[in-house]
Amino acid sequence: MSGRPDDLVRAVEATLFAAEQPMTAQELSVHLAGASVADALEELAETYAERGVRLVERGGRWHFQTAPDLAHLLRREKEEPRRLSRAATEALAIVAYHEPVSRAEIEAIRGVQTAKGTLDVLLEAGWIRIYATTPDFLTNFGLESRRDLPGIEELRAAGLLDPVDEAFAVLTGADDEDTGAIEPSGGDGKSSQMD
Amino acid sequence: MEDVTAPTLFSGDEAWDGIASAQSDDAALYLELDGWEGPLDLLLELARRQKVDLRTISILDLVDQYLGYIERAEALKLEVAADYLVMAAWLAYLKSLLLLPRDPEVQPSPEELALKLQLRLQRLGAMREAGARLMGRDRIGRDVFVRGNPEGLRVDRKALWKCDIFSLIQAYGAIKLRNQPVVHMVRERAVMTLDAALTRVGKMLGIAIEWTDLRAFLPLDADPRLRKSALASSFLAALELAKQGRAEIAQDSAFGPLMLRAAPSTSSGRAV
Amino acid sequence: MSGRPDDLVRAVEATLFAAEQPMTAQELSVHLAGASVADALEELAETYAERGVRLVERGGRWHFQTAPDLAHLLRREKEEPRRLSRAATEALAIVAYHEPVSRAEIEAIRGVQTAKGTLDVLLEAGWIRIYATTPDFLTNFGLESRRDLPGIEELRAAGLLDPVDEAFAVLTGADDEDTGAIEPSGGDGKSSQMD
């Protein structure tokens, strides 16, 4: 680090180091007597980019964290977070990629009822609201925003985030009126969508 | 339908032991998965085993594999959850539609039903993949770590007292209302009770043979307030005496003087 | 910070950042597979010397801490609007209408004891001195002077600013109009009446 940084940069640095929670630029500004912190944040993020500690933005909130490539050094003494069940992982992915989404929609995609407990695990972790992801979710998974969800653009482009009925209508060019055909249980028994 | 978080196809650990001891090739499928997340999940895994893109899977093959899987499970006397059986029935129906000569009247066509199933499998597959990729991110507490012992930002709260002029005036009004002296003036007052009037009028009546104005029975020296009281009491006393037959009362005109005299011993009183 | 620092420096930086306790060079070395960390620690201390956060050694143990000149950032005062209690509002009203006024007089007018805390709140708010209103009081309530208190003239004319005893004397001295009511028989010769 070359020379003494700007006072505001130092203040933002000290505040975020001391903070117990990630902070938005707005919260930082309030804490620092209304100073405009955008430039300072950018400068800090750049300063720390290659260090053992980084300044990252997740869901509009900023925090310092260790560099990912050092994980192996730090992991040994830290307790690993609880593994999510398969059901919970799927439900989380569905909420993250589709939000906002209803429980019925989650179940339509998974083709099976989802235990309330499964969603409760995600709510308790503070990663979803009913049922959209939270800033804490972005923080935990190292995402700057939902746009960083791995492959979300490809999935969207492939139409894989569209409901089956919609995709079906596009593919067949047909109106998807319910004709009383038998649907498998756990299916997308929701009323069919008009296109 | 039963909720599915634990293995759903099998009823319990005993079933597992049964499968684990099975030596057929198919057992491998049972052994390497700890249960399915519903029939669609099983279908997805079977489709994956075709080792082709989900867009090019053979639905007919998939149907056969699914039905075969369920049959074997039943042959092993495993309890198969209802939703798997419903899916099996639907797939069997779909298969028959696909194999039978095409009936143009049937809508949607079997190909369309197959396409829908394929789309659903693609979506579930996409989300499963997405979930795995999410879990593979640099996660806090596993791959990256936040400050171990942050000082914390303390905020000392200072009260900013609020009160508006209306509340102030209202409070003052309330105090005044509350403390308005509620004065009970209890003062001594000259009165003539009914008993006193009865005794007095009764005695005086003995000497009043002629008709006498009621007011003549009142104390002469009384102040105006006592006179009012005495008048009222004496009037009531006169009525009482008349009732007892000891006095007669007469009033010649409305609001005229009320005349009183002792009753003749033989006759009863003449009431007003 | 110029360029990517040495990997050992980064590792020490991340380890101390994530540590829940200050660590000795020896502990750090054990943690980092026996690496010699003295130079890395020295380099880091120098790197952070002028930043918002410093790497310091205390009793042989190293940790990051906020730069001394920024310590004030860790504590911030926040003003929270709070409604004045009823007791305090009444006391304030009494001071405003009657000032100067003693605590005993306030209590006499309110008819109840007034907690010291109640008056302290008004002093803290800066609205009264012991106990008359302040210029800040006038500012807060939008009054040019105490004369602007609504109805102070009317209240005075109505005797509402007089002590209760005085008002009582005036009232009891007044003549009582005779109503000429017929007294109930067997009465004790007294009747009650409200003025």
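Points worth noting:
The first chain written gets the first letter, and so on, giving A, B and C; residue counts start at 1 in each chain.
One rule holds in what follows: a contact is a pair of C-beta atoms (placed from the backbone, for glycine too) under 8 Å apart; a residue touches a chain by one contact, two chains touch by 3 or more.
Note that this is a predicted model, so its numbers are computed, not measured.
Among the other chains, C has the CA centre that is most remote from the centre of subunit A.
Among the chains, the centre nearest to the mean of all shown protein C-alpha atoms is found for B. Inter-chain centre distance (subunit A to subunit B, centres taken as mean C-alpha positions): 36 Å. Distance between subunit A and subunit C, defined via averaged C-alpha coordinates, is recorded as 40 Å.
Residue positions 15, 17-18, 31, 64, 66-67, 74, 78 of subunit A are each in touch with at least two other chains.
The set of subunit B residues that touch two or more partner chains comprises 145-147, 151-153. Within the complex formed with subunit B, the residues of subunit A that make contact are 15, 17-20, 31, 63-68, 71, 74-75, 78-81, 84-87, 89-90, 92-94, 96-97, 109-118, 139-143, 149-152, 155, 158, 160-161, 164, 167-168, 171-172, 174, 179, 181-188. Contact residues on subunit A toward subunit C in their complex (touch as defined above): 1-5, 9-15, 17-18, 31-32, 47-48, 50-53, 64, 66-67, 70, 73-74, 77-78.
Contacts from subunit B toward subunit C in the complex involve residues 145-149, 151-165, 167-169, 171-172, 174-176, 178-179, 181-189, 191, 193-195, 225, 228-229, 232-233, 236. Interface residues of subunit B, counted against subunit A in their complex, comprise 1-5, 8, 37-41, 82-83, 86-87, 89-91, 93, 107-108, 112-113, 115-117, 119-120, 122-124, 126-147, 150-153.
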